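Going by the order they are written in, the chains are A, B, C and D; count residues from 1 in each one.
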Amino acid sequence: MNSREIIARRVALEFQDGDVVNLGIGIPTLAANYLPEGVQITLQSENGMLGMGPAAEPEQATNDLTDAGGNPVTILPGGCFFDSSVSFGLIRGGHVDKTVLGALEVDANGNLANWMIPGKRVPGMGGAMDLVTGARKVIVAMEHVNRNGSPKILQDCKLPLTAKNRVSLIVTNLAVISVKKGGGLVLEELAPEVSAEEVIEQTGAPLEISPNLKPMPILD
Amino acid sequence: MNSREIIARRVALEFQDGDVVNLGIGIPTLAANYLPEGVQITLQSENGMLGMGPAAEPEQATNDLTDAGGNPVTILPGGCFFDSSVSFGLIRGGHVDKTVLGALEVDANGNLANWMIPGKRVPGMGGAMDLVTGARKVIVAMEHVNRNGSPKILQDCKLPLTAKNRVSLIVTNLAVISVKKGGGLVLEELAPEVSAEEVIEQTGAPLEISPNLKPMPILD
Amino acid sequence: MKNKVFSAQEAVARVKDGDHVMVGGFLQGGTPDVIVRELIRQGKKNLTVTSNDTGREGCAVYDLVFAGNVDRIIADYIGLNPRTGQMMIENPDSVQLFPQGTLAEKIRAGGFGLGGILTPTGVGTIVEQGKEKITIDGKEYLLELALRADVAMIRAHTADEAGNLIIRGTARNFNVVMAFAADYVIAEVDEIVPVGELDPDQITIPGTLIDAIVKGG
Amino acid sequence: MKNKVFSAQEAVARVKDGDHVMVGGFLQGGTPDVIVRELIRQGKKNLTVTSNDTGREGCAVYDLVFAGNVDRIIADYIGLNPRTGQMMIENPDSVQLFPQGTLAEKIRAGGFGLGGILTPTGVGTIVEQGKEKITIDGKEYLLELALRADVAMIRAHTADEAGNLIIRGTARNFNVVMAFAADYVIAEVDEIVPVGELDPDQITIPGTLIDAIVKGG
């Protein structure tokens, strides 16, 4: 199982039947492939849809039905469409149960930085700030360290924030870490063949070890 | 021609082809019956419709299609429905060209009082404050004096206001009076068989007499 | 899929004494009469009701106010309900009036996660009392705060079993914004169809907002 | 009834150099490509463009920015248009970024006659720079001001000759709020039908807001 699959499979276990979920592009989107049996979720796409389905086949593709990446997609039975102001009303108003996003950095206070690197890359925040501010539960799904092997989980984010104090769970290829209300990180689960020491070493903030520390329940 | 008809006929001449108009209950609503030839207007009803048509026949009446008085009504071809937030978006956003309302009092600064009499009658403002604040042109249509014969056009309203400085034209059974930007009333037109002196006498604020003072152009 | 279809009795049983209940509709247009009358039948007490108006004779909200179930009212028009007028005389704080467009925006803000909105409506009138005034480019606005409730009772024409609603005609009124602005949302409908029968382009209110569907009269 | 149906050339001729133009769409979804490209063809200069994004290769807004017609951009996402990124490096004031939900609300406020809205989005981030912060019940909000434009270019599927629009699928995006927020609104559509053919319950945007209808590709 590769890193992406480990993360996606573990994120999928966070979903409960009936949840409305917005998934960021990349690893978060993969999570929808690993839903536990009996769990049905409704995908919200911030460009204006609930009940988003799989990518459209070439012959049904239209620019009037696209996902948040602009790619032709489908809608499932029971879904519906709305404009951007309503879409972000749903997001900001707490009508999205969970959002899963990638991060450049996430910190011990649940702060998230995922939208810009000053002087280097300023793509714009898109819908990320609203999603992280408004969704009931914010889950970060990412590789534990960056390409240079440096920690992405820090005591304090150095990059410009996406939102403050909003992340409550971090799922990586190495571990599941929860963020305590009021701050502080707790190591909850370990990926297959990963030790607590390894996780501590690759994390840029102190980790409390959960008394119930366990392996990620992803192997089935 | 009775007072109500004089007022309604004169108000109707204010409408231009293509206007979006919201008409208050009573005399203002009658104005739609006297549209000049070639003038087509779209009626906005603040409970959620553009293109309001005549009252519904008993057999087509439904509570899912009513006017702002709660009475069953029809919609004309080219009309459409929307919710209250959109309806008042149209009103507040300047997308209604003209609104015509009754008044308890109107004054030399274009202030309007038409929603409450303290200690006596507090029905609520309904949509009146938004209409008077947001419509591009606010026309007051009313009897010149109240039931006791006292002026309703005053130097300063005494009753609680509906909105400040928004009325630009007053059409009564005696006269047409315009409100100057920055304040001041100008007698523009006289109803049939009414003299300027009579109007001045029954008005509670100084009236400038227009150099173009003329009879109301309502007889056809 | 969770079942969302309930009897009026079951759906309204979850409302608690003292709850703030938003009721959609505009006079007799587009009101959820069956579930509002069920509030009376179940004798819910000390309610706060937010509604465009408190109805006229024959309306369910009119009867709810007369039945004495309501301690506090938020509305824009109460002129056809003498009992509401009497409440206001006896205790001015028991009835709070807002301009209709302001009330719609307050509820929308509550449901959309906004803290409030700036509106020019009410500037220079008694509506501005106690409110913050903010001047932008020389124009004055009132800061009107968001409004939410414990319960929303709304009406639609058709629901699917997932709660997606289609509202017809002028019945959208306050029903749409209220669906976003309460913790528990009951929709009274004429017709319930299986999921997949409604055209996703025609759905007025997303089903994910709806907790209970009740078939009305 | 006034004629509202024009060629792209006629409709876009009314846009002036220096105008602020809002363009509906979301990347390649629901964009009014024909009329945006007509801005390039007519060589309109010094435009300000407000749009969700500045497109990716193949998008009309992408080409508009590359063609040099645009001096200033207001958007929430510019990551797939290197020319916009370059503008931002050369002159940081030439590109203004807002969170997507904030941008939608700012435009809606502009069209709906509101002065602005209070949003929690952006609190504690660089988005709050230069903005008023207002605390309500212990929670902080940013005051985000209304945004209007001279011109809105939007896309719909069907128009009637009065300008009533039906938009399909996810193409509603920014097209809906922009229709309210500009002095001159051009709608690009696939199909134009006589007045009376559209179901009034299904109309996405009222025709009274639309000044010009252009039949697209």
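What we mean here is this: a residue touches a chain if its C-beta (ideal position, glycine included) is under 8 Å from a C-beta of that chain, and two chains touch if they have at least 3 such contacts.
Computed from a predicted structure; not experimentally measured.
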item	value
Which of A-D and B-D has more C-beta pairs touching across its chains	A-D
Separation of mean Cα positions, subunit D and subunit A [Å, integer]	29
Where subunit B and subunit D are represented by their mean Cα positions, the distance between them in whole Å	34
Subunit A and subunit B: spacing of chain centres that average the CA atoms, whole Å	55
Interchain centroid distance [CA atoms averaged], subunit C/subunit D, Å	32
Contacts with two or more other chains, residues of subunit B listed in rising order	49, 75, 81-82, 85, 88-89, 91-92, 133-134
For subunit D, residues contacting two or more additional chains	105, 108, 113-114, 119-120, 168-169, 200-201
Pairwise chain contacts under the document criterion	A-C, A-D, B-C, B-D, C-D
In the complex with subunit B, residue positions of subunit D that touch it	1-2, 108, 110-114, 160, 162, 164, 180-181, 195-196, 198, 200-201, 203, 206-209
Subunit B to subunit D touching residues, read off their complex	17-18, 20, 40, 42, 49-51, 75, 77-82, 85, 88-95, 133-134
Complex interface listing, subunit B residues touching subunit C	45-49, 62-70, 75, 81-85, 87-89, 91-92, 111, 121-130, 133-134, 160-165
Subunit A contact footprint on subunit D (complex, rising order)	26-31, 52-53, 56, 75-80, 85, 88, 97, 99-102, 104-105, 107-108, 119-127, 157, 167-177
Complex contacts: residues of subunit D adjacent to subunit C	105, 109, 113-120, 134, 136, 139, 141, 143, 145-146, 166, 168-169, 200-202
